[in-house]
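Below are two complexes that have chain A in common, paired first with chain B and then with chain C.
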Partner chain A sequence: MQPGSLSTFLKRGAIWAFIAVELAFFSVAGQYLSVTDTAFLDLDNMLLLLKQSAPIGIIALGMTVVMINGNIDLSVGATFALAAIVLLDSMTWPIFAGLGDWVIPISWALALATGVVLGAINGFIVWKTGVDAFIVTLGAMLGYRGLVFMYNGEQPTSHLNWTLIDFAEAQVLGLHTATWFLLGTVLVLWLVMNFTVHGRNAYAIGDNREAAVNAGIRVGPHMMINFMLIGFLAALSAVVFYSESGSVNPNDGTLYELWAITAVVLGGTKLTGGSGSVVATFGGVIAIQLLRKGLGYIGADTETVNLVIGLILIAVLFLDRQLNVKGRQELRT
Partner chain B sequence: MTAAALRLENIVKTFPGVRALDGVSFDVRPGEVHALMGENGAGKSTLMKVLGGIHQPNEGTIHVGERPVVMQTPQDAKALGIMFIHQELSLATELSVAENIYLGALPTRGFGRVDRARLHADTQRILDKLRVSFGPGTKVGDLSIANQQMVEIARALTVDPVAVIFDEPTASLTDAEKVVLFDVIADLKAQGVGIIYISHRMEEIFRITDRISVLRDGQYRGTLDTAETDEDEVTQLMIGRALDLSRNTSHHQLGDVALEVQGLSCGRLYEDISFAVRRGEVVGFYGLVGAGRTEIAETLFGLREPSKGRILLDGSEVRLGSPADAIAHGISLVPEDRKGQGLVLGMNCRDNMTLPQVSDLASGMLTAEGAETDIFARYHESLDIRTPSWRQTVGNLSGGNQQKIVIGKWLAMKPKVLIVDEPTRGIDVGSKAEIHNLIRGLAADGYAVIVISSEMPEVLHVSDRIVAMFSGRITRTFSSEEVTEDALVQAISGLSEKPAA
Partner chain C sequence: MADTASTTDAKRGGKDAPPREPILKLVAKQGILIAFVLFMIGFALANSRFLDPENIMGVIRSSAILGVMALGVTFVVISGNLDLSVGSMMSFSTIVVLDLHDKIGPALAIPAMFALTLCLGAFIGFLVGYLKLNSLIVTLGMLSAIHGLTLTWSGGQNMDIADKSGTWFSVFGQGEMLGIPVPILLFALLAATLGVVLARTPFGRKVYAVGGNGTAATFSGIRRARVVFLCYLVSAFCVACAGLIQASRSLGSQNTVGQGMELEVLAAVILGGASLLGGSGAIYKTVIGVLILGFIQNGLLLIGLQFYAQYVVTWIIIILAVWLDIGAKRGRFLSPIA
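For the complex of A and B:
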């Protein structure tokens, strides 16, 4: 075995080991503390967990790509809400009145296009002005949320389409529609990041932007594509979620950006860019959802859950530093 | 004989799978400048980390004076009077000189307030010793690199050091600045401080050191008295064989003019630059740091817009707005700062090598991993890159092998013109010769090559023609037959204002 491969193995496997520990803990603890009779590892419970992971999960996967690229996107929660409004509201527009259920694909397309456009605006500004993505998307987070409120004030936007709800609630091979979208996104992004030119260049730009420029890579377009990608995924997340719920409040999606970043970081992607993995982020998403569900299962309330997740995030990153030699050296000085 | 200032006995340091130091023993006497030499990867940095309290040795003892010591942290080393002048400066550029020098030990006067009067007085005393021109209140970011290094040295003088370790201190200094540094080292020596001097530059080693200790592959190879040895003996000890240090005499069949530059100017960085490079020819650009050589290279690579002049490739004028343009026209640049500008350190060897052509090789959107691995295998072999596999992260390779990856990256693009800026900066003697041979080989293969270097032996060794620059202008062009060292030194120091040949 080559030197360093053990620690690499530990790091890659860490998030899955953490998930295994969570499962074991909640199964055992649940037998004494559970407020219900069903076992924690019950299949339906796990399938539901996957489904509930989807909205933040899909966004977190896109966030992974943007962060590997060396950027960040704080506007995803607002994009999510705006795409949801476009989805539900466009189904009631008079010009689509004669279409019957054919309005569904049109509304989906409109919502997804909204996400892509909002992402493109972020990407374009980051590219052309050179302002840090953190600042640009912080502004976009406030701005896009403003658009959400301009649309319908404090009122929720609602529309129920039963065909759509049936589709969203369907289970194919046991998995819910939302789960399929989540897994599909994992697969597509994994392929993109590992087997395409765009993925390779995204890693290079995130690791050393100057070296990437010197290799003739056009940095701007790659960044712009990634912002469009995460905009699209934020909208896809909204499409998947609101097809079922049918009603969006103007504050929906608030703090989603932070939950997404939490999952990405828990999965081991570096804040500074250049390294990370969408599959590990998927693990991070599952780990967070397991914690929420598990703590609820043994009777903890929401406030406690957030406190515990926060503590665990810091503990995990501390452990990660301990696992890598360089980090340990930095701690000593 | 007095006790050594610092004595190491049989130091062993192992990392998982590597024996980085294998029984290293040597001593530094008070008032001695002791060179520590060895190729990259010979164990110098590990040894320094042991002396600095960053690593703890598995075996062996360190003595300071008569006393055996154990150093657990960098603070321990400092408390014992072992000070470091690092190659990479670690200064807070927004703070003043005084604040930097006393960082971590600022004098206070109750309630944590900084005692500025004392701080500045103490700092001034140290600065006087170093005979520098700046004051304690100057912002470090406003100083030149050389003066920043002086601040770093001043920091080591805040305590009474037993030993001061200089790690490649002249890497970014001009000749004049080096003289000042050597004076400072002589002063320290006169005060009875033991000095360990790490450098790849033979000329300096022979100018200022008393003894030379050599490491090879983590093992101690012996200590020589500087006065009784020569470069060849040291080199042999370092690499285990003799080196060819002769001047370039081989000339290849010259082809057409590949690159021609006419009257190129860029603000005050350089003015009225005209030259041509033929296929099969190596043109060396020699001059002091700041003479405008790197800026010309950056212009040719599309990183800097010229204010005037024309660039012709194969006889037709081109406009180079970005590195992507330059690459498309067949111009490649091996940059001066390998790690900052050339390599993606977190990526593996293969992906670094194919970085500029991932999309050219790709079929549609998908990367062509097979073709990429083939390219790596080709240059792995022909450039003799020492790495177990293409999967190795580039950041883990030695400087020489990293440079070969960058060169391989551009050779794989089959460029018309290859510009190499400081090809062997921070690279050990053995790999230097390899890279020089490599550059000659490229000319033989019909590449037009521009080499920019601050090292005269290097320029002499690789160039068919040498362009001497001074202060943004070409002062003279020499052919390799007519060049003499004296004339070259004159040409780059502005002493002879002859027009360009």
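For the complex of A and C:
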């Protein structure tokens, strides 16, 4: 066995083991503590869990790609809200009045385009100015949120389109529409990151930017594509969620960036870039949602969820460091 | 978090492209101060009420809470770390001091609140300093965990002081001394003290050394872990002061009073020119960053823009400020990223 492969194996499997432990714990604890009669491992309950993971999950998957690339995006929550407003508001624009339900694909396209444009702005600034992505997207988080508020003040933007709601609430092969979008995103991003030149270059850039430059990889465009990707996914998340709810508050999506980063880190992706996997992030998203649902199921209050997730995040970080053989060797020298 | 591009840029700028023109040099060194003065002049020309002493006092007063927190975060950022937990920690100290006020009286509640907040700071300092865990994730986790603690403490309820008119506790947020509001005095006092600590004491120099080059600092006998630990204690102390002002100003609070402030605080510190890589920044610069944010908000309102336009302007200013800063350092403004 190569040095480090055991720890890699442990880390890869850790998130799924954690999910298994959660499932077992809440099933058993639920027998004694549950506030309802239904079992925790009920199929409907699990399907609902997948559906509820979708909004943060889709964003977290995009965050994984950006973080593998060595960047970070703090503006996703604001992008999410702005895309949602474009989606709901554009359906009421007079120019689309004669289209009937054909306005839906147009509104979707407009909302998704909004996300791509906002992401492209971030990516372009990071590329051309060389300012750290953390700062660029921190500024954008404020700026985009400002745009959200300037659009409609503090009023919620609402529009109900029943065809759209029927679509969003549909269940195909038992899974909800939102779940399909989440799983589809996992599949597409997994293919992109593992079987395309762009994916491999993204890993290379995150691992060692200078080496990537020396190898002739054009770092800037790759980073910009990844920012456009996360912008698109933040918008997709908004589109999927608000198709069903039909009303967006200007504060919606606040702190989504932090939840997404939490899920990505639980999945084992490094903040320094160069390693990580979208499938493990999917595990991280499920683990967080299970924890929320499970703690609620055994009657714990919402406050406990925040406390537990925070402490688990720190514990994971600590364990990860302890398992990291390479880190230990560095300490020895 | 370390962005390799900016490290290499800084190196390159230092080696073969030093800023030659004196203007570039001046912008590089005092860019933020110049921008600040330009802003003040611009707003003053646009609206005569802007330079009114009452207006200026009002702006500083409303920036005081953010400012006090930014002072502590400056220490953490210069030491090369991040603190994203200050907003949720501020909610915690506000709720705790309000709750204890009615239970054990203000004279005991204040030290108790400071002790508890410092414990949280010590915990974070231990994790980041001694266990060497990544500060971004630790403080992200603590953001969530402390929010949970706050909700557990308050039971999810808003916290209010029963007898709002009969308590001397309101002096920290609402009182005046020699015609100057107490929050401003507290902010100024803390800024002066911490400014001296950072610029003129061995501890301050160690903070810069640890953030500038941690390995070199360790080899020159600086106990890196302890310095980082102390930085988080300073940050927690500032947060406790901010919580005290906040609690005393409103004498009642929601559980989420500090939510989102961590990023605004960080924006102010970055605007002041502190590098996220550590090793650079100063208290007076952070104060300027805080004031710029406050005066922009006020100035834009006075010239008739809607309230939320300030966020968009802040966005542009943050990026321009940092871009000019690193651009001047590396001697050219377009990034060398291919």
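Following the convention adopted for this analysis, the second predicted complex is superposed on the first by the 321 of 333 C-alpha atoms of A that agree within 3 Å, B and C clash if a C-alpha of one lies under 4 Å from a C-alpha of the other, contacts with A are read in each partner's own complex, and residues count from 1 in each chain.
Operating definition for what follows: contacts are C-beta pairs under 8 Å (C-beta built on N, C-alpha and C of every residue); 3 or more make two chains touch, one makes a residue touch a chain.
All of these numbers come straight from a predicted model, not from anything done at the bench.
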### Message
In the overlaid three-chain picture, which partner chain does A:S27 touch, first (chain B) or second (chain C), both, or neither?
### Response
neither
### Message
Quick one: is A:A215 in contact with chain B, with chain C, with both, or with neither? Answer first, second, both or neither.
### Response
first
### Query
What's your read, chain B or chain C touching more residues of chain A?
C
### Task
Using the superposition on chain A described above, determine whether A:Q52 touches chain B (first), chain C (second), both, or neither.
neither
### Message
With both complexes superposed on chain A, which partner does A:L142 reach: first (chain B), second (chain C), both or neither?
### Response
second
### Message
By the touch definition at the top of the document, which applies to A:N249: first (chain B), second (chain C), both, or neither?
### Response
neither
### Task
Kindly classify A:T92 by the partners it touches after superposition: chain B alone (first), chain C alone (second), both, or neither?
neither
### Message
After the superposition on A, what does A:D207 contact: first (chain B), second (chain C), both or neither?
### Response
first
### Query
Now for A:L311: first (chain B), second (chain C), both, or neither, which partner does it touch?
second
### Query
What is the shared patch of chain A, the residues that chain B and chain C both contact?
208, 210, 213, 218
### Interfacial residue positions of chain B with respect to chain A in the complex
15-18, 54, 73-74, 301, 303, 322-324, 326-328, 333, 335, 340-347, 351, 355-356, 358-359, 362, 365-367, 369, 388, 409
### Query
Which bits of chain A are touching chain B when the two form their complex?
2-4, 195-201, 203-204, 207-208, 210-218, 274-275, 329, 332-333
### Query
Which residues of chain A touch chain C in their complex?
70, 72, 74, 125, 127-136, 138-147, 149-150, 208-210, 213, 218-220, 223, 254-255, 258, 261-262, 265, 271-272, 301-314, 317-318, 321
### Message
Considering only the defined contacts, which chain C positions touch chain A in the complex?
### Response
1-6, 8-9, 84, 127, 131-134, 136-138, 140-152, 156, 259-260, 263-264, 266-267, 270, 276, 306-312, 314-316, 318-319, 322-323, 326-327, 330, 333-338
